[in-house]
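Next up, some structures in structure tokens.
Here subunit A shows up in two complexes: once beside subunit B, once beside subunit C.
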Partner chain A sequence: MKVLVKCFSQVKYAIGSNELTVTLKPGSNSADLETMVREQSAGALDDVTLRTAVNKHYVIEPVLLEDGDEVAFIPPVQGG
Partner chain B sequence: MIVTEIVPSQIVPFPADDSRRNDGSEIVFNGRVRSTEQGEPILALEYEHYEGMAETELNRLAEKTVSKFSIHDLFCRHRVGQIGVGEISLHVVIWSKHRKEGLDAMTWFIAELKKHIPIWKWALLTSGERVPSECVHSEH
Partner chain C sequence: MIITPQELHNWVSTGRSFIVADIRPEEQRYHFPISGLETIIATAENLPARKKDPLILICQFGVLTEELIFEKNLENAYSLLGGVQSWEAFQIDKLDLSRWSRQTILPEIGMSGQRKLQDSKITIVGIGGLGCPAAQTLAASGLGNLQLIDGDVVELSNLHRQPLYNKNEIGHAKVSVAYNSLQNLNDNLTVIAKEIHLDESNGQELLKDTDVIIDATDNIKTRQVIDRISKILGIPMVYGGLYRFEGQVAVLNHNGGPGYEDIFTPDPAGGDTCGEAGVLGMLPAIIGNIQALEAVKIIIDIKPSLSGKLLLYDGITHETNIINLGVKV
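So, the complex of A and B:
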């Protein structure tokens, strides 16, 4: 299955892209995907706390992902 | 009533409303871009948002604020994109019967906005470089 990862701020800076399309094994969850994204950042996100949003909603616990899901790993926000 | 908007250009303040008869307090907050980032001069800040989610979360936060505090109306405009030093990035107006609940609501709303709404800042340095802002607010 494929999911779209949207990248913002420090994640975008670390990954070097606005978004990624990632192929996952069926049964993968958001925590698995976060591990992949962190690995792709080559350590640049090691000290960054990330919250997870699936289909534009914050999730607290890892959730099973489905084909076509949109996931964002949200670094500390800075509005205002 | 609640109005929340994320706008890509200069913020137009909400108009004064002299027709209100039950709101003794009208509190206006304008957040402006400072000239330095971590002590270094900047040209501007560029605000990035998660389109679709930021709007939803901002509206949800406004609804929560109106439920939590004894206020009547909350209007909020947050600007995104490139914002020059001194310009307004955030404009909030809260109307309530008395000032205390309005002030408390304003403080809480802005603090929560800075913790939860998916909006980020990039600093445009005088060198021309664009880097993620390191400025993470809490209660400031």
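So, the complex of A and C:
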């Protein structure tokens, strides 16, 4: 299955794009996807808290993903 | 030319001679009668003849009469600013709100919304990139009380994104400089400047009598303090944050809605300051103004707001995402 990953702030700069399409095994959840994104960032996100939204709804616990889902990874931002 | 309700009131009080023509349709005249003025019923096509006396033209909101004077190039003619709406509001307590006629004409605001703004107090914590634009537009909007909290001084590197300050004010306390600029924007505004850094020890005292808190800080620790106090005092907080070309806004702790800690955990990590990550000057102006807009919407009760939602704005693509913070497990 394919999901769309939306990358915000530090995630965007760590990945090099504001969105990407990822192919996942059936049964994958949002935490699996976060692990993939962190691995792809080559350590740039190691010290960054990420919050997750699936189809524009915040999630706290990992949720099973479905084909066509949109998953956003949102870090805190500090600037003002 | 325009004349304000206060000026027209002065003309009446001093016995000055003038003619008032009401160009509104009959139904509007019936539902919204004018008090305290002798008027002639007229239309745009059939205005009263006159010799020397000035002509005051009146419509419901003061817009049609301004256009009429411009189109017909009428001499010695005045449009009543804010029209009957502002004139009648002025009769209540002699408070002239006509300068805000372009926003009181909006049904969502009206005179009652404008009076709510006049009677309200907003506190901005941090008068930097986000705080400057928020303070400017709130002062101009007709807010009655604006408290500014910041312990920093103006620095050269602030000037590209903090338009309340100029190079001659480097080294001066931000709140003092901001006080002078904002007070000149609106005589009906009371600015309260607190040259201090907000923290756990002083936060409750500083924020206790405010209606809305705007979090325009540049560090997560102070944001967390504001979040806790906002929750304790039951005062909504409009959060704003920046990262390079991106910004975040949320209305937090409003009517039982989530707070900052609910979004980013009690101990979030990451997120450089503007000094560390860099920021283009226009971005804080956009995000700070969205914060000011949400604060005004809370006070006037215009819905839907960003309560329980996180707005994410990208200044490169202009894409806006709104995340629903209702938790899905």
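To be clear about the criterion, the second predicted complex is superposed on the first by the 76 of 80 C-alpha atoms of A that agree within 3 Å, B and C clash if a C-alpha of one lies under 4 Å from a C-alpha of the other, contacts with A are read in each partner's own complex, and residues count from 1 in each chain.
Definition applied: contacts are C-beta pairs under 8 Å (C-beta built on N, C-alpha and C of every residue); 3 or more make two chains touch, one makes a residue touch a chain.
All of these numbers come straight from a predicted model, not from anything done at the bench.
In the superposed pair of complexes, A:9 makes contact with subunit B and with subunit C alike.
Of the two partner chains placed by superposition, A:21 touches none, neither subunit B nor subunit C. After overlaying the two complexes on the shared chain, residue contacts for A:48 are found with subunit C alone; subunit B is out of touch.
Once chain A of one complex is fitted onto chain A of the other, the partner contacts of A:72 extend to both subunit B and subunit C. Set against each other, subunit B and subunit C touch different numbers of residues in subunit A, with C touching more.
In the overlay built on the shared chain, the residue A:59 is in contact with subunit C alone; subunit B does not reach it.
Looking at the shared chain after the overlay, A:80 reaches both subunit B and subunit C.
Note: residues 6, 8-10, 13, 53, 56-58, 72, 74-80 of subunit A belong to the subunit B contact set and to the subunit C contact set alike, using the contact criterion stated above.
If you check the complex, the residues on subunit C that touch subunit A are 126, 128-131, 215-220, 240-244, 246-248, 263-265, 267-274, 277, 279, 284, 310, 312, 314, 316-317, 319, 321-329. Of all the residues in subunit A, the ones that touch subunit C in their complex are 6, 8-10, 12-13, 18, 45, 47-49, 51, 53-54, 56-61, 63, 72, 74-80. Looking at the complex, you find that subunit B touches subunit A at residues 31, 47-50, 52-54, 56-57, 78, 89-90, 110, 113-122, 131-133, 135-137. Within the complex formed with subunit B, the subunit A residues making contact are 6, 8-10, 13, 53, 56-58, 72, 74-80.
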